[in-house]
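Next, two complexes with subunit A in common: one pairs it with subunit B, the other with subunit C.
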Partner chain A sequence: MTTLPQTTEKKLGLVIDLDTCVGCHACVVSCKGWNTENYGAPLSDQDAYGADPTGTFLNRVHSYEVQPEEGPAQLIHFPKSCLHCDDAPCVTVCPTGASYKRQEDGIVLVNEDACIGCGLCAWACPYGAREMDQAAGVMKKCTLCVDRIYNENLPEEDRVPSCVRTCPSGARHFGDLGDETSEVSVLVAARGGMDLMPELGTKPVNKYLPPRPKDVVPELDILAPYLKPVADTQKGFLGWLDKALEKI
Partner chain B sequence: MHPASSVIIFTVASGLGFGLLTWLGLGLPNANGWAAFWYYALGFALAGGGLLASTFHLGNPQRFLKAFSQWRSSWLSREGCLSVFAMAILGIFAFGAIFLGANWQPLGYIGSVLAVLTIIATSMIYAQLKTVPRWNHWTTPLLFLLLSLGGGALLALQTSLGLILLTFAGAVQLLAWYLGDGRFQRRGTNIGTATGLGDRGKVRAFEPPHTGNNYLLKEMVHQVGRKHAVKLRVIAFIMMILMPIGLLMISYAVPIVVLALLVHMIGTFVQRWLFFAEAEHVVGLYYGKR
Partner chain C sequence: MGFVEPELNLSPKVSDEIRKTTCYMCACRCGIDVHMKNDKVAYIEGNRDHPVNKGVLCAKGSAGIMQVNAPSRLRAPLKRVGERGSGEFEEISWDEALQLAQDWLEPVHKENPEKLAFFTGRDQSQSFTSFWAQGFGTPNYAAHGGFCSVNMAAGGIYTMGGAFWEFGQPDWERTKLFMLFGVAEDHDSNPIKMGLGKLKERGAKVIGVNPIRSGYNAIADEWVGITPGTDGLFILSMVHLLLKAGKVDLNYLAQLTNAPALIDSTEGPNKGLLLRDNDGKLLVIDRKTGKPAAFDKHGITPDLAASYKGHRTVFQHLAERYMSDEYAPEKVAERCGITADRIRAIAADLARVAFDEAFELDQPWTDFRGNKHEKMIGRPVSFHAMRGVSAHSNGFQTCRSLHLLQIILGTVEVPGGFRFKPPYPKPVSAHPKPHYKVTPGAALDGPHLGYVQGPDDLCLKEDGSPARIDKAFTWENPMSAHGLMHMVISNAYAGDPYKIDVLFMYMANMSWNSSMNTGGVMKMLTDKDTNGEYVIPKIIYSDAYSSEMVAYADLILPDTTYLERHDCISLLDRPICEADGAADSIRWPVVEPDRDVRGFQSVLVDLGARMGLKGFVNEDGSAKYKDYADYIVNHERRPGIGPLIGFRGEDGLEEGRGKPNPDQMQSYIDNGGFYEISIPDGANFYKPWNAAYQDWAVKVGIYDTPQPYLFDIYSEPMRKFQLAAEGYGDRQPPDELRTRIKETLDPLPVWYAPFEDENVDTSEFNVHALTQRPMAMYHSWGTQNAWLRQIHGQNPLFVPTKLWEANGFNEGDWARVTSVHGAIVVPVAHMAALNENTIWTWNAIGKRKGTWALDEQAPEATKGFLLNHLIHELMPEKGDGMRWSNSDPVTGQAAWFDLRVKIEPCEAPNHCSPELPPIKSPVGQGPKNLEWKVGE
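For the complex of A and B:
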């Protein structure tokens, strides 16, 4: 049944640091690579070399400009994938039982053999985390690399989601957010990790760490006010040009 | 939202079909023999044809049987189950009326209740979605129900009933547009809450994740229809509500009722196209679009 479990033993998820993400899209590429070659239907592309290329991705990086009341605007890179919500609306709408949330670790998955490709789960998700694969006709979503994290054939350091393993700036963290003592939970508590669209009541497991406030450069040189340029009028040719144009 | 023709045909045709079947199950009209045959044939063709159309947009329609399994949580599954039950019960009722001249009225009543529940379940597929504030309201199931029963009453030649129901449908439609227009803003979901960055300043989508199109944008960020929304609303309201009511006020003669019905159906198609095209999904916020 596509009812949600009351509780899950673990809450595996990602913590994404918006302060350190440099927007390189390496996580997008590694996600596409791993999930095309492994679990489930490959992430297909349509018209990949044509005029209107599209494709299925489980992870996409947006970039936002935030303009504070005062001071310069800040550019924030924003990776977005499935948040493995505790109250996942995508699961309960599924008519076939293909969508489910795992009791043991809280991962939201799609059983592709049961998916009829109706697309209702993608409508129910506020985050745009589900994309219908146009070649296979089934719904694709982040699996939290379920085929890596428990895979004993991989070296231990590789038993994390592909995006986390790839991130060159250490902006992505993986762990059990249900365990208050885990590294990711400590990080979330220390940095004020936040939910996306909390008003929709989805209770996302993945957390985002907000960018740290920008440094304000203090006035270091006490003589600086006395060393301001004395003359602000142009000299030489530019000065002449300025005066000449002024007169016209 | 993308107004897929399969879903528009499904909701309009099935709505009218189950509306007609509801009245037939109640014995309005209480037909037998050939007369009953044509009524039921039309009802089942519309209801069944609509359901069939709804499978056209599926990625893997061959697995449709699995869609009957999740009735405990999913409105889409409930809709499938209820529609089959309604058609099965009313099929037996119709068999009695057409071939045996019998009137197994209790069966008809059960079938009518199931047909009404099917219409409600169909509308709840849309009304349940918190991600689409315009739909996420009690006016959605009420409007679907009144339009289905009103159009169904015209099909069943229950003209006075149809007149009353279409009048109520018109009122609910106006209310749905009025209340729906600002609901996205009133719900308080914006690019600030979507990114969690809203309390730091004014957030603007600076660069999308990709330069091309994608499934999300095609499916949920459909902006074409909204440009002509007001004109289409006027067209839909005149054809779906005002013209049929006006025609029925002139006469209850069968050709007039048929004309009213045709105009009503065209109007309902326009209304349903707009129902999808006008609805805005919150995911558009991530792309700086609505």
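For the complex of A and C:
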């Protein structure tokens, strides 16, 4: 069993805006690209050109339909990766110490040298956020791009997770959720950011901003004055036109 | 003892080098940083400095590494040795391939150039390929716009001198209400996502109009699940409401559009044309004097309400038409599938934001009449639209209707509204007209494609028959600005209007997802005449990948991938400009090909020189250009104007205009792969009328003289075609087309039902069927990509709740879908966020067995399918023995989305039908597993 730090100095994580995510999978593939080339073993693909292609991804986008009581159905795109929980069951279940949470910033990582590929952590994670790499036999998960965010070989503005850097609609935000004054914390407070499945007590660091209310059609009586006819007849319209042109 | 964290290298080396080029995983043209390790592509991310994507990158772009290593890449020139369609080829040398191409093409050039049909697919070098085709002398050239979105381009250009996507964009920084029509998830993909993100950040409102609520429509604040093909009716109903309420920008209409022009009411050959003075200038009535005056006179106040000798203004005609009860919300609601109250609410919201939230920028400007304005008035309403509205037989008029709505609200080229991107605005009069004069052994008399202004500009031979193989610019579709690529094979096969000898195509999967009537096209490509010769005698095809079309060609010229080649994304073509500046970009070989392949454009340069085509040889007959890169740098279209705007002149310090600079390509590479010229403050709004913009455009070479113009709410060229149909003029349409021309070439925007509704029994074929392209795939290309195919490896047919329940469908079920033309059997899935009478699927996921280096049991080949089998390229015969193209009657745009079907449950097979036999792969099959890490 591996112990979690009592507290972490920072709580680095993601804030994902479900009101803005269009479900384009840019984050999914950028993550695959960076993490294939960087931290640990490459993210492999089995049967890559075959009947049942399955590969390792650290971030996936799921789409759910919601049918409200009133109004048309909605489609919510839901990107999901490791939430870097404060009370991470995937860490405490690890028999070798491979799974651990960093004291410094709260990032949950797998030390691949110590990972025996037993898969217990994936079972323990209620979010399904870990994937066993079939080629390397080690557990893979979101590293929050720990090899980008402090990387002195990158320009400072690029020291963010690859998913955040690439997101075209700006739906992904990165920062210290342990600091109430950080931009991400302010955003979470302003938009009612939520934990995913808080009842499980995992205390995820990542937050989701809920979709804003949709299909709230404005009250027609408020808008009605905007469409009040200026005249009843074509001739009356021309009269209005003449007066209106005088005023220009 | 506490847990000790392992030591991490937090600053690993990212790459040996970054090479900056332009993406081509779709047509968006984003800038990319290609990280190299050991001379291999290690990682691709967006270029932060690039005007298009400013650092972001989509799923396709990031997956480029899997495209440059794709096992489907062709490896060497191929010569067909088996029957067409079998996939039996032998690899040959480039010398042999080029000799063969020359042997086939040169006699055609010398004897009758029209016997070559040269059409290119999704290529971004149209100004070059068209230049080659001009040199060859064939009239038969176009790119893919005819089966893509020509309605959007032509509708915009004929109305306001520019359209959406690369022509223009919303003012993302200032707009407060954004309305999106028929945009699936592509077409300006990253800029739209970035723009939506900006709107969301500011809390601006987004209204999505689309039968399908996915992608952008999923995050719209309001979704309007419109019935396909009725967008024009919905829009004109809003125009009706806004006019009745006087919620129109009268000053804008009077000053900047042809609304105050006078329509000739005299019976005869000029009826419906606009009154002009002796210099040919439009006449308006000056409100100050009550007298006629040229529209561009300094200080005049054009009068929208005037009548002059019985001739009334365009504005009065339009008010009369659209204020008619026929456009009342109650009249259109059912047909559009939108309640009357909802139509009112949206129209009112447009009025509220356009007028109550109008604002001013403290920016003086001077208009083309010499009038000075202290401020720029902003109206923060903007629109964007794409194939959903344009790929219908009423698409051109629907696009015009949308532009009418924008214009009456005064939201085009104003702060907060819709903004043009250079080289637009560009009026119809500044575009070329189509050219078609064929001379054996010589070049064509000018560019193939253009904008006709009346019957005199049609491409007809002396006997009145079509000059072009695709029948573009004929009475069937007079304003077909992009040609009709979807009709080329069908017409060539039928010998209508004539037979051809060589079909030469580039990047166009015509035997699969890029054709209507896919099975029929395969037959046309393989059919033989009574002499045992193929009906289409010779087919040359260039592609980078093992696509379905490869097997149907006789000679394959293998292209490179986008990371292995030179390209220019040029202002002569479809550049990467933004509303605040002109910009263009290049591609360059960031990796060298590891196969015996050549960039297609370089091959054309070579073939052009071998045949001595005009523009490709020097006076002494020697080759003018070494390769495409050499052409990009040294070609001059007009003196001082070349494919690229940056680093011109001998010292490389000139921009826009200037002599060729031998170091230009390296300068682009050093500059990150692109070049930008900013539009000065004060010139960047009101561009069609703004003297400062017009002067800037001349300075940088977009025009040679200022080209200010009025928006054509009333389209005179269309009226000229109507006059011909009414019997006026020397050039007369065939009688059977007169009624159609009169009805569909209305000079004011009009709505008519999609033709399919007339051609089929709508009570039997009561369901609309559509396709959309997913954000993470681009046409056929994505499937060969090991990463992207894991995201979209299958395409179920999505069925709305009403039809799902009515058919008793359950998860895992299959359905038979039948149109008047054919039937398919496919897997279904339930989707609630969908127009209740519409079914749809993802475009081009389905693949032919044996192609793209996939396993024959790949889900794309067993459960993936195309709707194309249900769509014919011709409309049904209606008792007169004639069949017309399934296209917009104005532009010839393929009417993909007119399709009507019926759907019924069927037994679950193990394979979609029609099931076609496998094609022998010219490249084998991809590896089983991938562990792709190129670094240490």
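What we mean here is this: the second predicted complex is superposed on the first by the 216 of 248 C-alpha atoms of A that agree within 3 Å, B and C clash if a C-alpha of one lies under 4 Å from a C-alpha of the other, contacts with A are read in each partner's own complex, and residues count from 1 in each chain.
Just so it is clear, contacts are C-beta pairs under 8 Å (C-beta built on N, C-alpha and C of every residue); 3 or more make two chains touch, one makes a residue touch a chain.
Computed from a prediction, not measured in an experiment: that's the story for all the values here.
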| item | value |
| --- | --- |
| Partner chain(s) touched by A:157 [first = subunit B, second = subunit C, both, neither] | second |
| Partner chain(s) touched by A:171 [first = subunit B, second = subunit C, both, neither] | second |
| First, second, both or neither for A:53, with subunit B first and subunit C second | both |
| Superposed model, subunit A: greater residue contact from subunit B or subunit C | C |
| Touched partner set for A:122, first subunit B, second subunit C, both or neither | first |
| Touching partner for A:195 - first (subunit B), second (subunit C), both, neither | first |
| Partner chain in contact with A:3 - subunit B first, subunit C second, else both or neither | both |
| Which of subunit B and subunit C A:97 touches, first, second, both or neither | both |
| First (subunit B), second (subunit C), both or neither touched by A:32 | second |
| First, second, both or neither for A:67, with subunit B first and subunit C second | both |
| Overlapping contact positions on subunit A, where the subunit C interface meets the subunit B interface | 2-3, 25, 28, 52-55, 57, 65, 67, 73-76, 97, 114, 136, 211 |
| Of all residues in subunit C, those that touch subunit A in their complex | 2-3, 5-6, 8-14, 35, 37, 42-46, 48, 53, 55-63, 65, 71, 185, 189-190, 193-194, 196-198, 200-201, 213-216, 218-223, 225, 241-247, 250-251, 254, 287, 301, 303-305, 315-316, 319-320, 323, 341-342, 344-345, 347-349, 351-352, 775-776, 784, 786-791, 793, 801, 831-834, 853-855, 857-859, 862, 925-935 |
| Touch list for subunit B against partner subunit A, complex | 1, 57-61, 63-64, 66-70, 72-77, 80, 125, 128-132, 187-189, 191, 193-197, 200-210, 212-216, 219-220, 281-283, 286-287 |
| For the subunit A and subunit B complex, residues of the former touching the latter | 1-3, 18, 25, 28, 52-57, 60-69, 73-76, 78, 80, 89, 91-98, 114-120, 122-128, 131-134, 136-139, 194-201, 208, 210-211 |
| Contact set on subunit A toward subunit C in their complex | 2-3, 17, 19-26, 28-30, 32-34, 36-38, 41-42, 44-55, 57, 65, 67, 72-77, 97, 100, 102-103, 109, 111, 113-114, 135-136, 146-147, 150-154, 157-158, 162, 165-171, 211-212, 214-218, 220, 223-224, 226-230, 234, 237-238, 240-242, 244-245, 248 |
